[in-house]
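As written, the chain order gives the labels A, B, C and D, with residue 1 at the start of each chain.
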Amino acid sequence: MSYLKDEPLDVRTVAHQVVSAERGGVVTFLGAVRNHHAGRAVLRLEYSAYGPMADAEFSQIIAEAESRWPAKVAAEHRVGTLEVGDVAVVVVAAAPHRDAAFDACRYVIEAIKRRVPIWKREYYVDGTVGWVDPTASAGVSF
Amino acid sequence: MSYLKDEPLDVRTVAHQVVSAERGGVVTFLGAVRNHHAGRAVLRLEYSAYGPMADAEFSQIIAEAESRWPAKVAAEHRVGTLEVGDVAVVVVAAAPHRDAAFDACRYVIEAIKRRVPIWKREYYVDGTVGWVDPTASAGVSF
Amino acid sequence: MRIRVLLFARYAELMGQTELGIEVDAPATVRTVLDTLRARAGGAQLPPSPMVARNQVHAQLDTALEDGDEVAVLPPLAGG
Amino acid sequence: MRIRVLLFARYAELMGQTELGIEVDAPATVRTVLDTLRARAGGAQLPPSPMVARNQVHAQLDTALEDGDEVAVLPPLAGG
(Lines give C-alpha, C1' and ligand atoms only; values in the text may rest on other atoms or scores of the structure.)
Protein backbone atom coordinates (compact mmCIF):
# COMPACT_ATOMS: atom_id res chain seq x y z
CA MET A 1 0.00 0.00 0.00
CA SER A 2 1.30 3.44 -0.93
CA TYR A 3 0.28 6.95 0.13
CA LEU A 4 0.83 7.99 -3.49
CA LYS A 5 -2.00 7.46 -5.98
CA ASP A 6 -1.99 7.92 -9.73
CA GLU A 7 -5.76 8.10 -9.94
CA PRO A 8 -8.35 10.55 -8.51
CA LEU A 9 -8.38 10.71 -4.71
CA ASP A 10 -11.58 9.86 -2.89
CA VAL A 11 -11.95 11.71 0.40
CA ARG A 12 -14.42 9.16 1.73
CA THR A 13 -12.07 6.25 1.18
CA VAL A 14 -9.40 8.09 3.16
CA ALA A 15 -11.86 9.08 5.90
CA HIS A 16 -13.12 5.51 6.31
CA GLN A 17 -9.63 4.49 7.43
CA VAL A 18 -9.87 6.62 10.59
CA VAL A 19 -13.49 7.43 11.46
CA SER A 20 -15.10 5.35 14.20
CA ALA A 21 -17.85 5.57 16.79
CA GLU A 22 -15.28 6.63 19.44
CA ARG A 23 -13.84 9.41 17.29
CA GLY A 24 -16.58 11.97 16.77
CA GLY A 25 -14.40 14.88 15.59
CA VAL A 26 -13.12 14.62 12.03
CA VAL A 27 -10.99 17.29 10.35
CA THR A 28 -10.17 16.99 6.67
CA PHE A 29 -7.69 18.99 4.65
CA LEU A 30 -8.05 18.81 0.92
CA GLY A 31 -5.67 20.59 -1.43
CA ALA A 32 -6.91 21.15 -4.97
CA VAL A 33 -5.11 22.48 -8.04
CA ARG A 34 -5.64 26.23 -8.30
CA ASN A 35 -6.12 28.03 -11.61
CA HIS A 36 -3.38 30.57 -10.89
CA HIS A 37 0.14 30.42 -9.46
CA ALA A 38 3.02 32.89 -9.45
CA GLY A 39 0.90 35.31 -11.49
CA ARG A 40 0.27 32.84 -14.32
CA ALA A 41 -2.86 31.01 -15.41
CA VAL A 42 -2.37 27.29 -14.78
CA LEU A 43 -3.52 24.78 -17.40
CA ARG A 44 -2.51 21.54 -15.68
CA LEU A 45 0.35 20.13 -13.62
CA GLU A 46 2.38 17.02 -13.00
CA TYR A 47 3.39 15.70 -9.60
CA SER A 48 6.36 13.36 -9.39
CA ALA A 49 7.82 11.74 -6.27
CA TYR A 50 10.71 9.77 -4.87
CA GLY A 51 8.30 6.95 -4.14
CA PRO A 52 9.91 4.77 -1.44
CA MET A 53 11.16 7.77 0.56
CA ALA A 54 7.82 9.57 0.19
CA ASP A 55 6.01 6.55 1.62
CA ALA A 56 8.50 6.28 4.48
CA GLU A 57 8.07 9.98 5.32
CA PHE A 58 4.26 9.78 5.15
CA SER A 59 4.32 6.83 7.49
CA GLN A 60 6.70 8.57 9.90
CA ILE A 61 4.74 11.85 9.90
CA ILE A 62 1.45 10.08 10.62
CA ALA A 63 3.09 8.09 13.44
CA GLU A 64 4.40 11.33 14.94
CA ALA A 65 0.94 12.94 14.85
CA GLU A 66 -0.72 9.87 16.34
CA SER A 67 1.78 9.72 19.19
CA ARG A 68 1.42 13.44 19.91
CA TRP A 69 -2.39 13.61 19.86
CA PRO A 70 -5.10 11.02 20.63
CA ALA A 71 -6.00 10.93 16.95
CA LYS A 72 -5.97 8.60 13.96
CA VAL A 73 -4.71 10.10 10.71
CA ALA A 74 -4.88 8.95 7.09
CA ALA A 75 -3.49 10.71 4.02
CA GLU A 76 -3.05 10.32 0.29
CA HIS A 77 -1.18 12.34 -2.34
CA ARG A 78 -1.85 12.26 -6.04
CA VAL A 79 0.97 11.84 -8.57
CA GLY A 80 0.88 12.17 -12.36
CA THR A 81 -1.06 14.69 -14.42
CA LEU A 82 -3.74 16.82 -12.69
CA GLU A 83 -6.15 19.40 -14.09
CA VAL A 84 -7.34 22.57 -12.35
CA GLY A 85 -9.74 21.60 -9.56
CA ASP A 86 -8.36 18.07 -9.14
CA VAL A 87 -7.53 17.07 -5.57
CA ALA A 88 -3.77 16.77 -5.02
CA VAL A 89 -3.69 15.83 -1.33
CA VAL A 90 -6.12 14.64 1.32
CA VAL A 91 -5.43 14.46 5.07
CA VAL A 92 -8.08 13.21 7.48
CA ALA A 93 -7.64 13.28 11.26
CA ALA A 94 -10.25 11.75 13.55
CA ALA A 95 -10.26 12.07 17.33
CA PRO A 96 -12.65 11.93 20.25
CA HIS A 97 -12.37 15.72 20.52
CA ARG A 98 -12.03 18.39 17.88
CA ASP A 99 -8.88 20.08 19.21
CA ALA A 100 -6.79 16.97 18.66
CA ALA A 101 -8.32 16.43 15.22
CA PHE A 102 -7.54 20.01 14.11
CA ASP A 103 -4.00 19.95 15.53
CA ALA A 104 -3.13 16.53 14.11
CA CYS A 105 -4.50 17.39 10.66
CA ARG A 106 -2.58 20.64 10.50
CA TYR A 107 0.63 19.02 11.76
CA VAL A 108 0.45 16.38 9.05
CA ILE A 109 -0.20 18.71 6.10
CA GLU A 110 2.57 21.09 7.24
CA ALA A 111 5.00 18.17 7.60
CA ILE A 112 4.02 16.74 4.20
CA LYS A 113 4.89 20.04 2.56
CA ARG A 114 8.19 20.30 4.41
CA ARG A 115 9.44 16.72 4.32
CA VAL A 116 7.84 14.49 1.68
CA PRO A 117 9.87 14.33 -1.57
CA ILE A 118 7.25 15.36 -4.11
CA TRP A 119 7.69 17.83 -6.96
CA LYS A 120 5.27 19.81 -9.03
CA ARG A 121 5.67 20.88 -12.65
CA GLU A 122 3.19 23.51 -13.78
CA TYR A 123 2.04 23.97 -17.38
CA TYR A 124 0.72 27.50 -17.92
CA VAL A 125 -1.89 28.78 -20.35
CA ASP A 126 0.81 30.98 -21.99
CA GLY A 127 2.73 27.84 -23.02
CA THR A 128 5.53 28.10 -20.43
CA VAL A 129 6.38 25.34 -17.98
CA GLY A 130 7.91 25.75 -14.52
CA TRP A 131 9.03 23.79 -11.48
CA VAL A 132 7.19 25.01 -8.39
CA ASP A 133 9.79 26.20 -5.88
CA PRO A 134 8.47 27.50 -2.54
CA THR A 135 12.02 28.63 -1.66
CA ALA A 136 12.29 30.93 -4.70
CA SER A 137 10.98 34.48 -4.47
CA ALA A 138 9.05 34.00 -7.73
CA GLY A 139 7.60 30.71 -6.44
CA VAL A 140 8.73 28.91 -9.56
CA SER A 141 11.96 27.95 -11.38
CA PHE A 142 12.14 27.55 -15.15
CA MET B 1 -32.75 28.40 3.40
CA SER B 2 -31.77 27.28 6.88
CA TYR B 3 -28.52 26.08 8.38
CA LEU B 4 -30.57 23.50 10.29
CA LYS B 5 -31.46 20.23 8.55
CA ASP B 6 -33.74 17.46 9.73
CA GLU B 7 -32.27 14.93 7.33
CA PRO B 8 -28.77 13.43 6.95
CA LEU B 9 -26.07 15.99 6.18
CA ASP B 10 -24.10 15.60 2.97
CA VAL B 11 -20.55 16.98 3.26
CA ARG B 12 -20.22 17.34 -0.50
CA THR B 13 -23.32 19.49 -0.78
CA VAL B 14 -21.90 21.82 1.86
CA ALA B 15 -18.45 21.83 0.25
CA HIS B 16 -19.86 22.69 -3.17
CA GLN B 17 -21.10 25.99 -1.74
CA VAL B 18 -17.56 27.23 -1.16
CA VAL B 19 -15.04 25.32 -3.27
CA SER B 20 -13.78 27.01 -6.44
CA ALA B 21 -10.77 27.04 -8.76
CA GLU B 22 -9.35 30.07 -6.89
CA ARG B 23 -9.68 28.41 -3.48
CA GLY B 24 -7.37 25.40 -3.45
CA GLY B 25 -7.28 24.83 0.34
CA VAL B 26 -10.36 23.23 1.85
CA VAL B 27 -10.72 22.37 5.53
CA THR B 28 -13.73 20.42 6.72
CA PHE B 29 -14.87 19.81 10.27
CA LEU B 30 -17.37 17.05 10.75
CA GLY B 31 -18.85 16.22 14.15
CA ALA B 32 -20.40 12.77 14.49
CA VAL B 33 -22.40 11.25 17.33
CA ARG B 34 -20.07 9.34 19.65
CA ASN B 35 -21.01 6.07 21.30
CA HIS B 36 -20.04 7.30 24.78
CA HIS B 37 -20.56 10.49 26.75
CA ALA B 38 -20.19 11.33 30.41
CA GLY B 39 -19.24 7.72 31.13
CA ARG B 40 -22.44 6.29 29.63
CA ALA B 41 -23.05 4.31 26.47
CA VAL B 42 -25.12 6.43 24.09
CA LEU B 43 -27.98 4.86 22.16
CA ARG B 44 -29.20 7.90 20.20
CA LEU B 45 -29.80 11.60 20.70
CA GLU B 46 -32.09 14.46 19.79
CA TYR B 47 -30.98 17.91 18.78
CA SER B 48 -33.44 20.76 19.14
CA ALA B 49 -32.91 24.42 18.30
CA TYR B 50 -34.31 27.92 18.61
CA GLY B 51 -34.61 28.01 14.83
CA PRO B 52 -34.74 31.68 13.82
CA MET B 53 -32.04 32.71 16.29
CA ALA B 54 -29.86 29.74 15.34
CA ASP B 55 -30.02 30.75 11.69
CA ALA B 56 -29.22 34.37 12.55
CA GLU B 57 -26.20 33.30 14.62
CA PHE B 58 -24.94 30.93 11.93
CA SER B 59 -25.18 33.70 9.38
CA GLN B 60 -23.41 36.18 11.67
CA ILE B 61 -20.62 33.76 12.60
CA ILE B 62 -19.91 32.90 8.96
CA ALA B 63 -19.87 36.60 8.05
CA GLU B 64 -17.37 37.23 10.86
CA ALA B 65 -15.07 34.46 9.64
CA GLU B 66 -15.28 35.62 6.02
CA SER B 67 -14.42 39.19 6.99
CA ARG B 68 -11.51 38.09 9.15
CA TRP B 69 -9.93 35.64 6.69
CA PRO B 70 -9.90 35.48 2.87
CA ALA B 71 -12.11 32.41 3.02
CA LYS B 72 -15.59 31.24 2.11
CA VAL B 73 -17.40 29.18 4.74
CA ALA B 74 -20.49 26.99 4.66
CA ALA B 75 -22.05 25.06 7.52
CA GLU B 76 -25.02 22.88 8.41
CA HIS B 77 -26.30 21.44 11.68
CA ARG B 78 -28.59 18.48 12.01
CA VAL B 79 -31.71 18.60 14.21
CA GLY B 80 -34.05 15.80 15.26
CA THR B 81 -33.12 12.22 16.15
CA LEU B 82 -29.59 10.99 15.41
CA GLU B 83 -28.00 7.57 15.86
CA VAL B 84 -24.40 6.86 16.85
CA GLY B 85 -22.13 7.70 13.91
CA ASP B 86 -24.57 10.16 12.31
CA VAL B 87 -23.09 13.51 11.36
CA ALA B 88 -24.37 16.33 13.59
CA VAL B 89 -22.48 19.28 12.17
CA VAL B 90 -20.44 20.09 9.07
CA VAL B 91 -18.28 23.19 8.58
CA VAL B 92 -16.34 23.69 5.35
CA ALA B 93 -13.89 26.58 4.84
CA ALA B 94 -12.24 27.13 1.47
CA ALA B 95 -9.45 29.63 0.82
CA PRO B 96 -6.59 30.25 -1.59
CA HIS B 97 -4.19 29.18 1.18
CA ARG B 98 -4.48 26.56 3.87
CA ASP B 99 -3.80 28.77 6.90
CA ALA B 100 -6.91 30.84 6.28
CA ALA B 101 -8.98 27.71 5.66
CA PHE B 102 -7.86 26.08 8.93
CA ASP B 103 -8.33 29.27 10.97
CA ALA B 104 -11.74 30.09 9.52
CA CYS B 105 -13.03 26.53 9.97
CA ARG B 106 -11.90 26.39 13.58
CA TYR B 107 -13.31 29.83 14.36
CA VAL B 108 -16.71 28.83 13.02
CA ILE B 109 -17.01 25.51 14.86
CA GLU B 110 -15.90 27.10 18.14
CA ALA B 111 -18.40 29.93 17.69
CA ILE B 112 -21.20 27.51 16.81
CA LYS B 113 -20.64 25.68 20.08
CA ARG B 114 -20.53 28.88 22.09
CA ARG B 115 -23.28 30.92 20.48
CA VAL B 116 -25.82 28.94 18.43
CA PRO B 117 -28.93 27.98 20.44
CA ILE B 118 -28.99 24.22 19.94
CA TRP B 119 -29.60 21.58 22.61
CA LYS B 120 -28.81 17.92 22.80
CA ARG B 121 -30.77 15.25 24.62
CA GLU B 122 -28.96 11.94 25.03
CA TYR B 123 -30.66 8.57 25.36
CA TYR B 124 -28.36 6.07 27.06
CA VAL B 125 -28.19 2.31 26.72
CA ASP B 126 -29.02 2.00 30.45
CA GLY B 127 -32.41 3.66 29.84
CA THR B 128 -31.59 7.05 31.33
CA VAL B 129 -31.97 10.31 29.44
CA GLY B 130 -29.96 13.50 29.98
CA TRP B 131 -29.51 17.03 28.68
CA VAL B 132 -25.94 17.59 27.57
CA ASP B 133 -24.53 20.48 29.61
CA PRO B 134 -20.93 21.50 28.84
CA THR B 135 -21.05 23.87 31.85
CA ALA B 136 -21.80 21.06 34.32
CA SER B 137 -18.94 19.05 35.82
CA ALA B 138 -20.70 15.79 34.92
CA GLY B 139 -21.26 17.04 31.37
CA VAL B 140 -24.96 16.26 31.61
CA SER B 141 -28.07 17.32 33.55
CA PHE B 142 -30.95 14.99 34.26
CA MET C 1 -46.00 45.83 28.76
CA ARG C 2 -46.36 42.48 27.09
CA ILE C 3 -43.38 40.11 26.68
CA ARG C 4 -43.38 36.83 24.79
CA VAL C 5 -41.23 34.31 26.66
CA LEU C 6 -39.69 31.26 24.98
CA LEU C 7 -38.34 28.30 26.93
CA PHE C 8 -36.18 25.53 25.51
CA ALA C 9 -34.88 22.07 26.29
CA ARG C 10 -34.38 21.49 30.02
CA TYR C 11 -35.97 24.81 31.01
CA ALA C 12 -39.08 23.98 29.00
CA GLU C 13 -39.23 20.68 30.90
CA LEU C 14 -38.81 22.39 34.28
CA MET C 15 -41.65 24.80 33.61
CA GLY C 16 -43.83 22.46 31.58
CA GLN C 17 -44.20 24.88 28.67
CA THR C 18 -42.25 26.23 25.71
CA GLU C 19 -43.90 29.59 25.29
CA LEU C 20 -45.88 32.03 27.43
CA GLY C 21 -46.98 35.66 27.38
CA ILE C 22 -46.38 37.72 30.50
CA GLU C 23 -47.15 41.28 31.59
CA VAL C 24 -44.43 43.33 33.29
CA ASP C 25 -44.38 46.96 34.41
CA ALA C 26 -42.17 49.39 32.49
CA PRO C 27 -39.25 49.96 32.78
CA ALA C 28 -38.32 46.28 32.59
CA THR C 29 -35.18 44.32 31.87
CA VAL C 30 -34.53 40.67 31.17
CA ARG C 31 -34.07 40.30 34.92
CA THR C 32 -37.66 41.45 35.49
CA VAL C 33 -38.88 38.65 33.20
CA LEU C 34 -36.73 36.05 34.96
CA ASP C 35 -38.02 37.17 38.37
CA THR C 36 -41.58 36.77 37.07
CA LEU C 37 -40.79 33.29 35.77
CA ARG C 38 -39.24 32.26 39.09
CA ALA C 39 -42.57 32.89 40.79
CA ARG C 40 -44.29 30.43 38.43
CA ALA C 41 -44.47 26.65 38.85
CA GLY C 42 -41.05 25.10 38.20
CA GLY C 43 -39.42 28.52 37.82
CA ALA C 44 -37.54 28.29 41.11
CA GLN C 45 -35.21 25.77 39.47
CA LEU C 46 -33.98 28.23 36.84
CA PRO C 47 -30.33 29.16 37.50
CA PRO C 48 -29.44 32.63 38.84
CA SER C 49 -27.95 33.85 35.56
CA PRO C 50 -29.15 31.81 32.60
CA MET C 51 -28.10 32.64 29.06
CA VAL C 52 -30.80 34.82 27.49
CA ALA C 53 -31.73 36.36 24.17
CA ARG C 54 -33.86 39.38 23.34
CA ASN C 55 -35.51 39.30 19.91
CA GLN C 56 -33.18 36.47 18.80
CA VAL C 57 -29.97 38.22 19.83
CA HIS C 58 -27.82 37.25 22.83
CA ALA C 59 -28.59 39.64 25.72
CA GLN C 60 -27.67 40.34 29.34
CA LEU C 61 -29.74 40.29 32.50
CA ASP C 62 -29.85 44.10 32.53
CA THR C 63 -30.81 44.44 28.84
CA ALA C 64 -33.81 46.82 28.69
CA LEU C 65 -37.05 45.55 27.14
CA GLU C 66 -39.78 47.14 25.07
CA ASP C 67 -43.41 46.24 24.69
CA GLY C 68 -43.80 43.25 22.38
CA ASP C 69 -40.26 41.94 22.87
CA GLU C 70 -39.46 38.25 22.70
CA VAL C 71 -37.25 36.95 25.52
CA ALA C 72 -35.75 33.47 25.23
CA VAL C 73 -34.25 31.67 28.22
CA LEU C 74 -31.49 29.42 26.90
CA PRO C 75 -30.18 26.35 28.73
CA PRO C 76 -26.44 25.62 28.32
CA LEU C 77 -25.82 25.31 24.58
CA ALA C 78 -24.82 21.91 23.27
CA GLY C 79 -24.66 22.27 19.51
CA GLY C 80 -21.77 21.19 17.32
CA MET D 1 33.32 2.88 -2.70
CA ARG D 2 30.26 2.77 -4.94
CA ILE D 3 27.33 5.18 -4.43
CA ARG D 4 24.02 5.12 -6.28
CA VAL D 5 22.89 8.69 -6.98
CA LEU D 6 19.27 9.61 -7.67
CA LEU D 7 18.25 12.92 -9.26
CA PHE D 8 14.73 14.29 -9.39
CA ALA D 9 12.61 16.94 -11.06
CA ARG D 10 14.61 20.05 -11.99
CA TYR D 11 17.94 18.50 -10.98
CA ALA D 12 17.30 15.50 -13.23
CA GLU D 13 16.64 17.97 -16.05
CA LEU D 14 19.84 19.93 -15.35
CA MET D 15 21.99 16.81 -15.47
CA GLY D 16 20.04 14.94 -18.12
CA GLN D 17 19.67 11.77 -16.04
CA THR D 18 17.69 10.44 -13.09
CA GLU D 19 20.12 7.86 -11.76
CA LEU D 20 23.88 7.22 -11.91
CA GLY D 21 26.51 5.14 -10.13
CA ILE D 22 29.67 6.88 -9.00
CA GLU D 23 32.90 5.82 -7.30
CA VAL D 24 34.25 7.91 -4.41
CA ASP D 25 37.21 7.33 -2.10
CA ALA D 26 36.50 6.48 1.54
CA PRO D 27 35.89 8.24 3.86
CA ALA D 28 33.16 10.05 1.98
CA THR D 29 30.20 12.24 2.91
CA VAL D 30 27.21 13.53 0.98
CA ARG D 31 29.37 16.55 0.18
CA THR D 32 31.88 14.31 -1.60
CA VAL D 33 29.08 13.02 -3.84
CA LEU D 34 27.85 16.56 -4.62
CA ASP D 35 31.38 17.69 -5.49
CA THR D 36 31.65 14.75 -7.89
CA LEU D 37 28.30 15.65 -9.47
CA ARG D 38 29.35 19.29 -9.89
CA ALA D 39 32.24 18.17 -12.09
CA ARG D 40 29.78 16.42 -14.46
CA ALA D 41 27.82 18.03 -17.30
CA GLY D 42 25.05 20.26 -15.89
CA GLY D 43 26.25 19.71 -12.33
CA ALA D 44 27.63 23.22 -11.95
CA GLN D 45 24.04 24.47 -11.74
CA LEU D 46 23.25 22.47 -8.59
CA PRO D 47 22.82 24.84 -5.61
CA PRO D 48 25.53 25.00 -2.89
CA SER D 49 23.43 23.19 -0.28
CA PRO D 50 20.62 21.17 -1.84
CA MET D 51 18.30 19.04 0.26
CA VAL D 52 19.65 15.48 0.29
CA ALA D 53 18.67 12.03 1.49
CA ARG D 54 20.80 9.00 2.31
CA ASN D 55 19.08 5.66 1.93
CA GLN D 56 15.67 7.38 1.80
CA VAL D 57 16.15 9.41 4.98
CA HIS D 58 16.77 13.19 5.08
CA ALA D 59 20.49 13.81 5.55
CA GLN D 60 23.04 16.62 5.84
CA LEU D 61 26.00 17.56 3.67
CA ASP D 62 28.39 16.07 6.24
CA THR D 63 26.48 12.80 6.66
CA ALA D 64 29.02 9.96 6.29
CA LEU D 65 28.46 7.37 3.57
CA GLU D 66 29.13 3.66 3.28
CA ASP D 67 29.75 1.50 0.27
CA GLY D 68 26.49 0.78 -1.55
CA ASP D 69 24.59 3.77 -0.15
CA GLU D 70 21.90 5.54 -2.14
CA VAL D 71 22.15 9.34 -2.17
CA ALA D 72 19.21 11.37 -3.51
CA VAL D 73 19.56 15.04 -4.40
CA LEU D 74 16.19 16.68 -3.80
CA PRO D 75 15.04 19.91 -5.46
CA PRO D 76 12.84 22.19 -3.31
CA LEU D 77 9.83 20.11 -2.25
CA ALA D 78 6.45 21.10 -3.63
CA GLY D 79 3.99 18.48 -2.43
CA GLY D 80 0.69 19.16 -0.71
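Quick notes on this structure:
Heads up, the rule we're going with is that a residue touches a chain if its C-beta (ideal position, glycine included) is under 8 Å from a C-beta of that chain, and two chains touch if they have at least 3 such contacts.
Worth saying up front: this structure is predicted, and the values here are computed from it rather than measured.
Shared contact partners of subunit A and subunit D do not exist in this assembly. With centres set at the average Cα position, the gap from subunit B to subunit D is 49 Å. Inter-chain spacing, taken between the CA centroids of subunit B and subunit C, is 25 Å. With centres taken as mean Cα positions, subunit D sits 72 Å from subunit C.
Shown for subunit A are the residues in touch with two or more other chains, namely 31, 109. Multi-chain contact residues of subunit D (touching two or more other chains) are absent.
Two chains count as a pair here when they touch; such pairs are A-B, A-D, B-C. Remark: subunit A residues 11, 19, 21-36, 84-85, 96, 98, 101-102, 105-106, 109 touch subunit B in the complex.
By the touch criterion stated above, subunit C contacts subunit B in their complex at residues 6, 8-10, 53, 56-58, 72, 74-80. Looking at the complex, you find that subunit B touches subunit C at residues 31, 47-50, 52-54, 56, 77, 88-89, 109, 112-121, 131-136, 141.
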